[in-house]
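What follows is a pair of complexes built around chain A, which joins chain B in one and chain C in the other.
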Partner chain A sequence: MRDAPSSLANSLFLRTARSAASKTLPPFVALVVFLLTWEIGVRWLGVAAYLLPPPSAILSAAKRDAINLLMGAWTTAKTALFGFALSGVLGVLAAVILSSARVIERAFYPYTVFLQTVPIVAIAPILAVWFGPGFLAVSVCAFIVSVFPVIANTVTGLRSVDPALKDLFRLYGASRWASLVKLTLPSALPNIVTGLRIAGGLSVIGTLVGELFAGFSEGAPGLGIVVQTAAKQLKTDLLFAAVFSATFLGLLLFGVVNAVGSRVLGRWHPSEKLDQSEIES
Partner chain B sequence: MSPRETSTEEPAAEVVCTGVRRVFLGGVVAVGGATIRIEPGEFVAFLGPSGCGKSTLLRMIAGLDRPTSGRVEVGETDPCNRSVPIAFVFQDSHLLPWRTVLDNAALPLELLGVNKSERRAIAREVLRDVELADAADRIPAELSGGMKMRVSLARALVTKPRLLLLDEPFAALDELTRNRLDDRLRTLWRERGTTMIFVTHSITEAAYLAGRAIVFSKRPARIVSDRALDLGTDRTADLRGTAEFAAAVRTLQKDLEAADA
Partner chain C sequence: MNRRTFVYTTAVFGLAALAGCGNSQSGSGSGSGDGKAKVKLALNWVPEPEFGGFYAAREDGSFAKHNLDVEILPGGAGVPVVQMVAGGQADFGISGADEILTARARGANVVGVFAIYQRAPLAIMARGDRIQSMADVFASGTVALEPGLAYSLFLKKKYGFDKVKIVPYDGGVARFLAENDYAQQCFVTSEPIAVKKKGASPKVFLVADEGFNPYQGVVIVSQATWQSKAELVKRFVLASREGWQKYLDDPSKANGVMAKLNTAMDAETFAEAAKAQKDLISTAETAQKGLGAMTKDRWETIAKQLVELGVVEKAPNVDEAFAVL
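Moving on, here comes the complex of A and B:
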């Protein structure tokens, strides 16, 4: 299988290109086939546009209402991001406090499940009353919806610290703070990243729901409001465009968390070593 | 600076266990009354069937666990006070995967509050002793099992401990690597004069390494025999082929069989 040295670099390039293509090509082809089937199917069967518009109609609606959608996406993104940040910070903090003592964990951990089961649709109006409708109330919605996976995963990570390493830290009389910063949190990092990855998508969902019940107010209406308005006016093409925009936001957040996560965790992995030595020097 | 680093003029600590018993929650007796005296600078092997409680005894000597009754003293103090520097090498290397070899080796000094440049300088020196100076900037994921274990050894030696406890440290390695590390450990012991206690269930390893072997019965651990191994201080691979070595192994084998009966 060995090539001559001169063609080695060339074949290496080809191989990398080929493997990149083999990863991105199938989902792309699947998407194109899906959209084409949709487009042709809808036209051929003569489905009414207010029930299911073809992709081309959605695209032109998106163009027509581009400003609306972009402003809405910006409002939603800001709000979701703030809710997500709250989840990240408060979720990890809560997990650290929960796992600091068995008694605290036993007493409070069961109630964090409340956060997952709370009917957000019912609680959003209350948040609007408390915080006033708008950014803060909606962010808190996003927070409530997305914080549980952060807490649950971080607690798991904090619990699964290598007991021998705990002994080692005890042997040298490490303070609780030193153990937390130098051992427990770094050990839990893979789990924290997993939690944040789930929280990213959930925070967008929480924002959309929050906007429906605690939104409007200052600035441009978010995507949730755009969806609601489009539904009331039977502008199904715009509705779909807004839904896709929201989906894209969630994917974007997921992708960013993923990239940052693998960048940080990659330090433990030999393949990322080159980058690391560059940073160190 | 903590007293641990100023106590280097005394390289080795004595270990005295008096009637040490350890009963776990639920009534399992792990160690059933052990009385041992280990002189400063001795190299002692704890030998016994797997799960017999010898590791529990080692943890109590490290001050990581307390006896239910009886007393453990290291250098005339309670090891839980941590006034005598003790180091512990675990069954696996247990390195921090996100740190370089150098910062792994320097970790104990970091926890004791030694500043960065000083602790790195000391760690570099110790890494040289285990022939890992070139690997200082690598991360554990890039190392072989034997190299990781040497980092673990360097980490244990970095505080210049007066007592080094090793809990089946090389059990997971292949025989060749293991023999090499055994030799390295003997050399380190001779150069530093630290008191060492080495837990193992390998008879040949115990006979090759230690100046004294204590054989424990199966749970609850009791001392079955306590023998000096007069095989000289200069031990090389050739020793394994000699009649004295074979005789020592046979004696320990008999003790161990009696222990397991």
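Moving on, here comes the complex of A and C:
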């Protein structure tokens, strides 16, 4: 009897560890298999390194140009993060305004779709004229590319509040503000998190494209410029290293949004409770 | 050719796609029904006067006379010509001496066989009274240059970029027209004519006059093609030379054909560009040796410069990089 709690804790720990392993092991194995196939395939087929370098060559290029890549990643990360923050704040705000009255939503919602279809390659040079090249112009590129999914998902979330709860709030004479803060926004949270997840990756893409047209190429040039320089000089290994650095930034942002999302939602929302039940079963 | 730069923004993404099919061959030199060899020529930009001689050779029958059936593949944003030619997706392509040597240093073995531009049309254009020379361009203000470009590295080494703001070249001329202290890279046959039409009076400085003068508009073939089908390559060069001579004499017919393919450029601009490039193509040297001539001296100079600029680690062997036909 005395050792019951400790054995319970033990088995709980084991289960958690097992569940963690079952989550991280498959993607890790998939990655290793993928990289090995790539390395062996490229060598075996004799693919020229300027077309597709093997992972080992990319790694040594990354080591050789580590400072360039790190500084580039830092510049790109700052810019993408700012664009992402703009998307999060302005996107949710826009969605709240849009869904505040049917007539506003009908009038303006269709036009937010424009944001998704803006050809960023064409607009980036103009942004550079308006804002001057550099941080701000590139952040705005990231914002334009990433804001639409935030608006669209948030609007959906705000619309799908439980009608019974709405009635309850009305019955108790809750103010518009109170129902927004205590009912509508919280129940839209899962959708907002979904929108932000998509926006995270997109903001990195928007930054890279923006840098090509509206960034600085001296000082600490972002990953977009590193990619362009590498392409111009046919350093395909460095090009891939820069692409992977950018991908990693996107993943990092996605991971942060996920972690924050499950922390905020974890306690009460069914979409995050699934994991809990996995552990318990 | 503005926007050759654009090429690299998209080339980056195109490259990955291309990587998978590096070994496919484009039936190079395979015979067509009428006994002519079918070959593909990949341009590195849209049909413009800088490719005029090839269209002239096609329209006036020079290619046909040399038993060639040439399909001209217009380029544009995202066409990695060197990789296409080295990988066999096109038999012939258009590149520059600096790009050819860089490609060879990375293992993409292409050979230059005909150089349209004896003097590189690469230039910087600027505006304002302050600017009297290339040195003034880099004394203050903003300069738009494509990152990684060999000649921008050359200018950086010569003048230093510490007094100016360097921004990526965006392929257009909007900022040049909107701002006063703004200079940008250009092709003498392209952007200066475009901004003049908008009422600006640009000052244009050739990079060639500064000491960096790689052959441009160079016809390339893969090493494999050069070794196995030298006769075919020779016919192509002879036909191109005839076509270019015709184009220099009278560009109107080929311009008419290209204008249909490139509707963004009007007839007047075609005519002006053809005129502006004449002196870069036809020189004292080509009067002696024929259009498209190349010398080992100049290839060696470029090779040396590329090493000095840090684009390549080791000077490639120039004897293998070009062939005089």
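Here is the rule we use: the second predicted complex is superposed on the first by the 246 of 281 C-alpha atoms of A that agree within 3 Å, B and C clash if a C-alpha of one lies under 4 Å from a C-alpha of the other, contacts with A are read in each partner's own complex, and residues count from 1 in each chain.
As a working rule, a residue touches a chain if its C-beta (ideal position, glycine included) is under 8 Å from a C-beta of that chain, and two chains touch if they have at least 3 such contacts.
Owing to the predicted nature of the structure, the values given are computational and were not obtained by experimental measurement.
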**OP:** Determine, for the superposed model, which of the two partners chain B and chain C contacts more residues of chain A.
**Re:** C
**OP:** Quick one: classify A:52 as touching chain B (first), chain C (second), both or neither.
**Re:** second
Original post:
Which partner does A:239 reach: the first (chain B), the second (chain C), both, or neither?
Top reply: second
Original post:
Can A:174 be said to touch chain B (first), chain C (second), both, or neither?
Top reply: first
Original post:
So, does A:230 touch the first partner chain B, the second partner chain C, both, or neither?
Top reply: second
Subject >> Partner chain in contact with A:165 - chain B first, chain C second, else both or neither >> reply: first
Subject >> Which of chain B and chain C A:186 touches, first, second, both or neither >> reply: first
**OP:** Check chain A for residues that touch chain B in one structure and chain C in the other, and list them.
**Re:** none
Subject >> Touching residues on chain B, where the partner in the complex is chain A >> reply: 59, 62-64, 82, 86-88, 90-92, 94, 96-98, 100, 107-108, 110-112, 137-139, 141-142, 159
**OP:** Report the residues of chain C in contact with chain A in the complex, numbered from low to high.
**Re:** 8-9, 11-12, 15-16, 18-20, 22-23, 82-83, 86-87, 102-103, 106-108, 142, 145-149, 161, 165-168, 170-172, 174-175, 178-179, 311
Subject >> chain A to chain C touching residues, read off their complex >> reply: 45, 47-52, 121, 124-126, 128-129, 133, 209, 211-218, 221, 225, 227-236, 239, 243
**OP:** Name, in rising order, each residue of chain A that touches chain B in their complex.
**Re:** 162, 164-165, 167-174, 178, 182-183, 186, 189, 267-270, 273, 276-277, 280
